[in-house]
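These notes open a run of structures that come right after.
Two complexes come next, and they have one chain in common, subunit A, joined by subunit B in the first and subunit C in the second.
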Partner chain A sequence: MDQSTSNPPPTPTVGLTNKTKRESEADRQRKNKLSAAIEGYLYLAPTLIALTIFVFIPVVQSFQLSLTRSSFGRSIDVGFDNYVRLFNDDRYHDVIWTTLKFTMGTVPIGIALAVVLAIALSYPLKHLSWFYRLLIFVPIVISTAVTGVLFKWIYHPTVGYLNHLLGFFGIDGPTWLTQGDWPLVSIIIAVVWRQIGFNTIIALAGIQNIDGTLYEAAKVDGANLWHRIRHITLPLLSPTLFFLLIINVIGSLQVFGEIDILTNGSISTRTMLYSIYFEAFRSQNNGGASAQAFILFLLIVGLSFMQFVVVGKKVHYQ
Partner chain B sequence: MLTRFFRNARVLTLGLLVVLLSSSIQAQETITIEFWHAMGGGLGETVDEIVARFNESQDEIVVNATFQGSYDDTFNALIASLETDTLPNVTQNFDLAAQTMFDFPGLLPAHEMMALDGFDASIFVPAVADYYSDDTGMVAMAFNSSTPIVYFNVDVLAEAGYDELPLDWDFSTFKEVCDAVLATGIESCVTLGQVGWYFEQILANSGGLYFNNDNGRTGRATEAVFNQGQGVEVFEFLTSLYTEGYAPDLGSTWTDTDASFIAGQSAMELDSTAGARGLQEGADFIIDTTYIPHSDSSDRNGVVIGGAALWLLDSGDEATNLAAWEFMKFVAQPEQQILWHTNTGYFPVRTDLADNEELGAFWMDNPNFLTAIEQLGSTTTTLEDGSPNYAVLGGRAGFFPSIRQLIVDAYRRVIDDGLTAQEALDEAAERANQILADYNEIVGG
Partner chain C sequence: MRTYEVILYFIVPAAIWIFIAWLTRKAFEKKQRNPQTGFVLSLLAGLVPYVLTTAISTVSDVQALLWTHFFGFVLQIILLVIVQNRLPQGNWISEEEQVGGEARGDSVTVVLHITLLITGLFISSPIWIGLFASFKLPQDVTNFPPTLLPDIWTFENYVTAWTSVPLFRFFMNSVIQTGIIVLFQVVFSILAAYAFAILDFPGRNLMFYLILGSLMVPFQLTFIPNFVMVSNWGLANTHAGLVVPFLASAFGVFLLRQFFMTIPRDFFDAAKVDGASSFRYLWQIVVPLSKGAISAFATFSFLSAWSQYLWPLIITNSEEMRTIQIGIRFFLFDQERGADWGAIMAVAVIALLPTLLIFLVAQRQLVKGIASTGLKG
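What follows is the complex of A and B.
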């Protein structure tokens, strides 16, 4: 039974009837809209509440903390002094530089390798694809702590497998985890290895989503494998690559396990994220750590925004 | 039938009630003590054994031991627990945390319990007692004390022409030995991690100070002085071991050095006495031990006590505090100290164990366990003019763990970035002074 039938008998004036009818209809629409909105917010509520408790409030609190020097439950207001110190601190500049090198190392290599592997799995290695996929994906299910320890043994300068192996070829391997730029390179290798499975699976899914008829048409036109990859696969894969880019950049900014286990956060491998941990838990400097956390937060927000605006324009959607 | 059922049920209920009541009475009587420690692996198993012994020895107190990770982790967990009001009753905390623990809100100094209980603190080895004492007395209860010693592969040293190594040796002698060792064709002479502890110990052995105000013992430390005098000579020596190819560069590690020593790739290893048991079991050659070296321009001073102690935290409840104190006393008893020493290599902290028969027999078979005790025993604690030797008392400052970390960084600054020892230490000292100033500002020096 809807509202119009339950209305009292219509009054003689036609115009008025129409007006009430219109009003009630508008009312109903508004009501429907409202209840739809409420319903929508109800669906969102669990996420919003969780985000508020675990993300928004902590962000605000850590910003407040970054304006203090505190320990033992005592705290002193220092204004923006923690930020000023970071700004003037050569070692923090090194940290930013290290982070940049690390991201530039892991992201392009990680994605490029994944695409090559995904293409290989789709074409030349198609027959035993399930086997190779398993092989490539396995690192993902091993915890970071375990892979860290594994790599630590591989890299050990005197009793490690890697230098032992290099020794067969007469190469005197470097001390992977300590000297110069090697520690960062070692961590990049370990991280790329850990992420390659995820990246490959995503790239593979992207490739498999591409309409097969396009390839057939291209084949008919005489395009060879390279041409098909270059002019069909890669352009149509760009949304996937865009997704991978964002995920990988943010992921590389969040790497912790490998750094902590492989080099114990030695000075040349201290990235922005590790530096936060280092300030807070090795230097008992909560204020300074919070300031660094807030800077990293702004950076990630900015990066996500930039990636959507700049890169988003160049992505080819079918 | 039914009445019997009810009768049975009644009896059952009654029985259950009795059981419940008695258990609740028991629950009221037992006090649970939360005990945090930083002893992993084999060390942790021995801690568990001591705790089990205590729990079996009486039925009023139950100690619940929790492994909190490394010393640093335990230290951080304690500071964090202050803000969430979840402090344990007893915590193990390491040497460097001493000043921070002295200032820690809610700490119940051990000397208060000692006075209350008539406990005689003179049973403890003086160096240990002094390290953890303020003007009144011992603030913490001695537990696991260690010092670094030099372990060496007897076969390799014999090949190099050394049947034994001197106990009192300076840097030049050390390198002479190393040159002879390298001439045998071994990959490296010595292996040691780039940790702050060896710098602190060798600095003390060379009579150098780490902080001003007599190492922070006659007043709060306000300035790091390790970049002056002996400190530079010591750090030059330590970094030269890596840059001149005497030691493999394994970075800042406590454990990786064991692998290259046990594999026979390094003839010597600098490690804690607490590693004695593990090394002896791992190596298939005979291991001998000697004291750590000192600088060319100094006489041997001796070592600072390392390791950790037990700290009592005020629960606000007297019965609980007393129960926690009972446990701390239990750990210091001879039986537990003997088990602890023979299982780990941390040395006994009681003086009356020096002529213990059981230990005497043990030391005959395991002379390496004795080296650390004798190294500490022969430490110069008083200078010729009668004043205390503050160098071997060790530095004391708030947030010392953060300052130690700066030395770890300084190693890399020399090895990777080519700074001189002086430059790297100056840089570290500047940052250390900032940490000291911040700490004193917050805590209110």
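What follows is the complex of A and C.
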């Protein structure tokens, strides 16, 4: 505790006895400071130690590992060879391309859906609005493994509900998990579904935060519902949308469970994270996997930083 | 059991009970009596519909009836907890400041009700579909065309799943893993957040930025070195190995610190004057005042620990150490050829049940918590 600020400063006095008094006062303060430091770090110790062992040191190790050719056990230093290889590796280019397609598929659709749902949910209903929220938010608690399993069932080629449903509209559905580009689309749909609750909650919170008098003023000016959404809700929601954008892009880079369960990481659905797992645990190439992990890390840090800077600005702006 | 029988013996008693519980609650609120008494009363009242429906029952299969009653009872307790938590008033936002203005009974409202109901049912449909499929007869699950509701309701798929994989073991592994992670993350985060929010010591800000920075490090970067390290310690394929990388949570520290900082400083100074140690102040003042924030974080922590996939997948290599999430993966892949989808769905339902319950019970806190992370950025 800051004893130094809460205690009045020692009153200046004259004489020898007072000087020793003042010294002991300074001594005590130094002791207090020391004990405060010890106390503070004792509280921090569990978290600091755990993070050091399982986050900070592994970051360094991961970089070191990316400069070696190693499987579990032996390793040889190869410098930046792993990065050069990845740079020239067509398969890795495919992985990046797949990741890009995956992100471009999940993020815009996910956010657009969330905004539409949030606008609908923000309309004041006297009854049952809690129930609709419950139904729409519920995917947030479903794990990636369960999402994968549920959708594998829905995509079932013969008795799957999705193709049955499409059949009602006269559409002959594809065999979702094996045919052409459809496996990636299947995973995109599953991931959009899993994220929908989270995204809608954030979007709804953003909408609730908008000053209600603006709508009143717009109504007085004769703006209809669409105008109000277009010129008030969406512009004022832009910080929230940006937050959602970054969070969802990062989230889409971290999707693993659905890919593993739905397609077992077949080549057309192998994103950057799956590729890391595949390289390390199926090809036993830790060095190459770590190089890929580091590339992914830089990407995520860049995105987080962008989020930090832009949101920081927005906060000042408001 | 046919669908109408399920409704009669399962849904109807539950609905009646909920109604009674709601009525008693209202009555007790009006008279401003202790709601706990109301709780006990409504618990007793819950037996009445059972006695009634059993009295008029025509089901010859007594065992099935008893099972249904057992599950009905479990369901009712859950629903009652939800009622006690006032879920029906779950509007966590003020009603006034909204896109459409104040509530009206016009045509827009009607259209919106219908649209939201259909959308909501559609969005949650993968869960319904899985749930209903798990209660079908095994041979009915892959009937064409697919039906939503089972013709005959049974627990056969659960029995199949139970006997073909160590389901209980999977579930307990998940419980142990999640329990330990939540406990450690909550305790560690409280301690660290307290130091950051209330204590003052040299290097505090530096340490805070260090911990904040760890939020930027994705698990994808660290899981290979972690795997090597944990394996070298001989902890692969153990419960300890499942949990060690997740004992601390930078997110938790950040979240709780934000909350602890709202506690007036005077409290601390007063406690100091009274000679309370800083730990005692934390334990007797800060923690009780922050129950809401702590339980919100515990919920988060629970959900993410329960849903973990990548780490349990790589760190476990024998069947008896698998968590439920990994158990379901291998169950699915083992079965792939002649997939017994009913049993797979039964495992999926068991895997999602705990998180679903948490959601139903703590929906408001959870939504509030998520919403606040979005607003703060």
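General observations
Definition applied: the second predicted complex is superposed on the first by the 239 of 318 C-alpha atoms of A that agree within 3 Å, B and C clash if a C-alpha of one lies under 4 Å from a C-alpha of the other, contacts with A are read in each partner's own complex, and residues count from 1 in each chain.
In the analysis below, contacts are C-beta pairs under 8 Å (C-beta built on N, C-alpha and C of every residue); 3 or more make two chains touch, one makes a residue touch a chain.
Since the structure is predicted, the reported quantities are computational estimates derived from the model, not experimental observations.
In the overlay built on the shared chain, the residue A:R69 is in contact with subunit B alone; subunit C does not reach it.
In the superposed model, A:S266 makes contact with subunit B only, not with subunit C.
By the touch criterion stated above, A:Q307 is placed in contact with subunit C alone, subunit B being left untouched.
When subunit B and subunit C are set side by side, the one touching more residues of subunit A is C. Of the two partner chains, subunit C is the only one that A:S129 touches; subunit B does not reach it. Once the two complexes are overlaid on the shared chain, A:F281 sits against subunit B and subunit C alike.
Touch criterion not met for A:D221: it reaches neither subunit B nor subunit C. Residue contacts after overlaying the shared chain place A:T158 against subunit B and subunit C alike. Within the superposed three-chain model, A:T175 lies in touch with subunit B and out of touch with subunit C [touch as defined at top].
In the three-chain superposition model, subunit A touches both subunit B and subunit C at residues 72, 152, 156, 158-159, 264, 281. Within the complex, the subunit B residues that touch subunit A are 72, 76, 79, 82-83, 103-105, 187-188, 248-253, 256, 259-260, 263, 265, 399, 401-402, 405, 408-409, 412-413, 415-416, 435, 438-439, 441-443. The touching residues of subunit A, counted against subunit B in their complex, run 69-76, 152, 156-159, 175, 177-180, 183, 263-264, 266-268, 281-285.
Of all residues in subunit A, only 1-2, 6, 33, 36-37, 39-41, 43-44, 46-48, 50-51, 53-59, 61-62, 65, 72, 117, 119-126, 128-154, 156, 158-161, 164, 193, 196, 198, 201-202, 204-212, 215-216, 219, 225, 228-229, 233, 239-240, 243-244, 250, 253-254, 256-257, 260-261, 264, 273, 276-277, 280-281, 286, 289-290, 293-294, 296-297, 300-301, 304-305, 307, 311, 314-315 touch subunit C in the complex they form.
Residues of subunit C touching subunit A in their complex: 87-91, 93-103, 105, 108-109, 112-113, 115-117, 119-121, 123-127, 129-130, 133, 142-146, 184, 187-189, 191-192, 194-196, 199-204, 207, 210-211, 214-222, 224-229, 231, 244-248, 250, 253, 268-269, 272, 278, 303, 306-307, 309-310, 313-314, 325-326, 328-329, 332-333, 341, 344-345, 347-348, 351-352, 355-356, 358-360, 363, 366-367, 370-375, 377.
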